[in-house]
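Below you'll find a set of structures to go through.
Both complexes shown next keep chain A, but they swap its partner, so chain B is in the first and chain C is in the second.
Here is the complex of A and B:
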């Protein structure tokens, strides 16, 4: 079998359980939409309590939907190899005569497809429930920003996954740590520019920061005039750069950390 | 009777020690302290930025201290309520040791209560740091006008959260693929329904009515009155502080009774169906 075919079959093979999993336990879908929606609703009411314009409720809904992707990257990409180690699958992955990158890519593709169903559910229900205006002015550009953000984000997930390979319980706690602080820095619930230009640019290393900013600019151009970090085109350029950088780093990182974990005997260490 | 009490105490002791070890010994104490501080402070800062961006008077908005206090004490809800129910999934599926805990000569309910104590200790650390940050960094003025209300409400609320957490742990004993979801969804629902960060009057009436029936709504309101001198929800303004405490006593007692009953039943079913060592790989 050619190398490319082998690579593609691995990608499909690893993506398959994630895609099938969405429909196998259907009640999960309800919880996956309900849980972020509870948080989103709370933030919408917080904005309403202080008399914010309805666009801010849109910020909260869009942020809540993109949180689904961040959670997927944290818990089903970054921490995934840790879970595999705990359940005894990691050694099988490493013994398999295939590319590790193909495994990560399959994880990413399966994860982002499944998460898109949840995120769409959050946006749909949220927008209907709170009657929030969601009008995209440049559809193609919006889709382009969205896809670029996902590529860069899951590239980061692949990188984190290789780094987390080394860890035991630290992996779980670090994923836990990367929740609220990242919600703050990436501006999930408010325009990130409010943190100041310097901090907003520093936080742009998390692809969702600029991705959300660009999506908000395309959804609410008037309101975002005072809040944008960079013009949409510039943000797309940075996102494209981040995507290439993260995938490149993930490739090197995976090799490096796998070797390190082998030498330190951490690949099969469970319950630590 | 004495033997059962001794076993319960043993369970609480072991559960607390083990819980603390699991929560804290994965890294150096210094890093752990930073970890325990960053998360809650970041959660509060999100609200701070939202207020600064939108509210005309920023943090001087009269709602902000109430929102800050609600969000800070809500840390107990996440840690204790959701944490204790997660304990069952973690011990059973991750560490595979729930069956050994059950076989040990200690009371299972006491063990769960101990795990709740560890979560409470951890949450207390986060709450204290966040309160300090609020007072020093955000200028929130806390007054201790009614120390009796504060102590009474705090203790009753914590006991109540532990009981309801154990109740959820009992439910988690019987479910396979949704164990991780139970605590999170309940905690997320309480954040919304209890008006943790906004007045309940904004909710549609069925949700408002539901929120008014939930113990954390009264708990957070009592803490606001004790530390800020006034509450947030107009619906509760007619209740005196003594009435609020009485409601907390009643809901705590109800939580205690329900948790003992439900954990007892769940335990029996789990043993009969062989669920204590279930491995679902989820």
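Here is the complex of A and C:
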């Protein structure tokens, strides 16, 4: 069988449990749509209370939807190999004569698709509930930025997950550490430029920062003129660079950490 | 299929685990898990690694399965160096571990197995055909559509067994495959393994176990391993025949708490194991000759012991282990439990 076919079979095989999970475990409707909306609501009411334009509520809703992706990357990509190690799946993945990147890609595509359903739920319910204007000016560009953001974001997830080949609980703490600070630095609920250009640029290493900024520019072009970090085209360029960099580093990271873990005997060590 | 005579070959294989300071045991920062293990497993063989918990069985399997690197020495699987070319080794092998909880509870048995088949590049239709065929062989044909979280541990292990055989591997590592299973399930798995090898005589299985009867019943050859070292390696009947020149007795005595102390220093005793049961002491004795029994009984009697039962036994692998190691394999299990 060709290598490409084998690669694709692995991707589909690993994506399958995540896709099936959307239909078989409907608790996500509560945990991944309703709960994030509570946080979004808080910001919407603040913006309304201070008399901010309704587009600001749109900022918060878009941010609330993209949080679903960040959570998915942190807990279902980066930390996933920790769980796989604990359940015994990891050694079976590594034992299989297939590409590790294909397994990670399957994990990413499955998670990404499932999360898109969740994110769409947040946007739909949020927009209807708060009657927020959501009008995309350049549909194709919007889709392009969105996809580029996801590729870079899940590339980062793949890179982080390779770390979990070696570490267990320590890396788990790393994921915890990445939660709240990233909520702030990525500007999930407000235009990130408010942090100052320097900090906003530094935070751009998190793909969602520029991705969110570009999406907001395409949704609310006039309002964002005063808040943008970089022009959309430049942000797309940076996102493309990050996507390539993270996927490249993930590939190297997987190989490096797998070898190190094999040497140290940590690849199959549970309860670390 | 690749051309090679030896399915597995190891040369002076050693693995040392280095512990962090806080993990050190009695000040020791290193654990010698494998100590210069040299082994050859022929193609088509069902080879057993028999030893107590912590003997090094799983460490050896992990090295052969490319999941762990040796500290020194060489290992070849299907003629391929596991350190130099792990990717190529993986095309020839699969592994099943006892007590495994792999797979996803949300998926059905069939879906889980299909997913793993995809990692081996097996086309979906072929994978489903094999899955249903193998599930039927382990008595789980009616469970194909059952979600994994509804399975008992025995059923789950049968599913894992199917996963291992699904890829039709040239060399299969079974690490304690019947660990913790009820008698019936364990028997089903053993029968399945035996039948599969009969139908695929060119395939090789390396089985680790601490169940003597399992090794005795299944294996063409057995290596007895303890504290990382191979102590003996031969067919079960050969190991037992070697012991037949000696004499194996089981004694049940009363009125004595420690027979080992009473019999200490008797050169004619090759090995002795004891454990208490219902107020009596059960002794497993390997003696240099039958004649030695007289002096043993005399020594016991002088220590105040009364003989309740005496049986001469045909040697088992348990006796072989006792003679080689100086303790029974089950003593380790008792200590662990």
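Keep in mind that, in the parts below, the second predicted complex is superposed on the first by the 270 of 272 C-alpha atoms of A that agree within 3 Å, B and C clash if a C-alpha of one lies under 4 Å from a C-alpha of the other, contacts with A are read in each partner's own complex, and residues count from 1 in each chain.
Keep this in mind: a residue touches a chain if its C-beta (ideal position, glycine included) is under 8 Å from a C-beta of that chain, and two chains touch if they have at least 3 such contacts.
This structure is a prediction, so every number in the text was calculated from the model and none was measured.
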**Prompt:** Overlaying the two complexes on chain A, which is it for chain B and chain C: clash or fit?
**Reply:** fit
**Request:** Could you look at A:70 and tell me whether it touches chain B, chain C, both or neither (first, second, both, neither)?
**Result:** neither
**Request:** Give one of first, second, both or neither to describe whether A:41 is in contact with chain B, with chain C, with both, or with none.
**Result:** first
**Message:** With both complexes superposed on chain A, which partner does A:14 reach: first (chain B), second (chain C), both or neither?
**Reply:** second
**Prompt:** Just chain B (first), just chain C (second), both, or neither: which does A:262 touch?
**Reply:** second
**Request:** For A:56, decide between first (touching chain B), second (touching chain C), both and neither.
**Result:** first
**Prompt:** After lining up the shared chain so the two structures overlap, which partner does A:6 touch, if you call chain B first and chain C second: first, second, both or neither?
**Reply:** second
**Request:** For A:92, select first, second, both or neither according to whether it touches chain B, chain C, the two together, or no partner.
**Result:** second
**Which superposed partner A:103 touches (first chain B, second chain C, both, neither)** = second
**Prompt:** Of the two partner chains, chain B (first) and chain C (second), which one does A:164 touch, if any: first, second, both, or neither?
**Reply:** neither
**Prompt:** After the two structures are laid over each other on chain A, how near do the C-alpha atoms of chain B and chain C get, in Å?
**Reply:** 6
**Request:** Could you pull out which residues of chain A sit against chain B in one structure and against chain C in the other?
**Result:** 25, 87
**Request:** Please give the residue numbers of chain A that touch chain B in the complex, ascending.
**Result:** 25, 27-28, 31, 34-35, 38-39, 41-43, 45-52, 56, 86-87, 168-170, 173, 176-177, 179-181, 183-184, 188-191, 194-195, 271
**Item:** Touching residues on chain C, where the partner in the complex is chain A
**Value:** 15, 17-18, 62, 65-69, 87, 90-91, 93-95, 97, 100-104, 106-107, 111, 114-123, 163
**Complete:** Per the touch rule above, chain B residues touching chain A in the complex are 26-27, 35, 38-40, 42-43, 45-47, 49-56, 61, 63, 67, 94-96, 177-178, 181, 184-185, 188-189, 191-192, 196-199, 202-203, 281
**Request:** Could you pull out which chain A residues touch chain C in their complex?
**Result:** 1, 5-6, 9-10, 12-14, 16-17, 20-21, 24-25, 87-89, 91-98, 103, 259, 262-265, 267-268
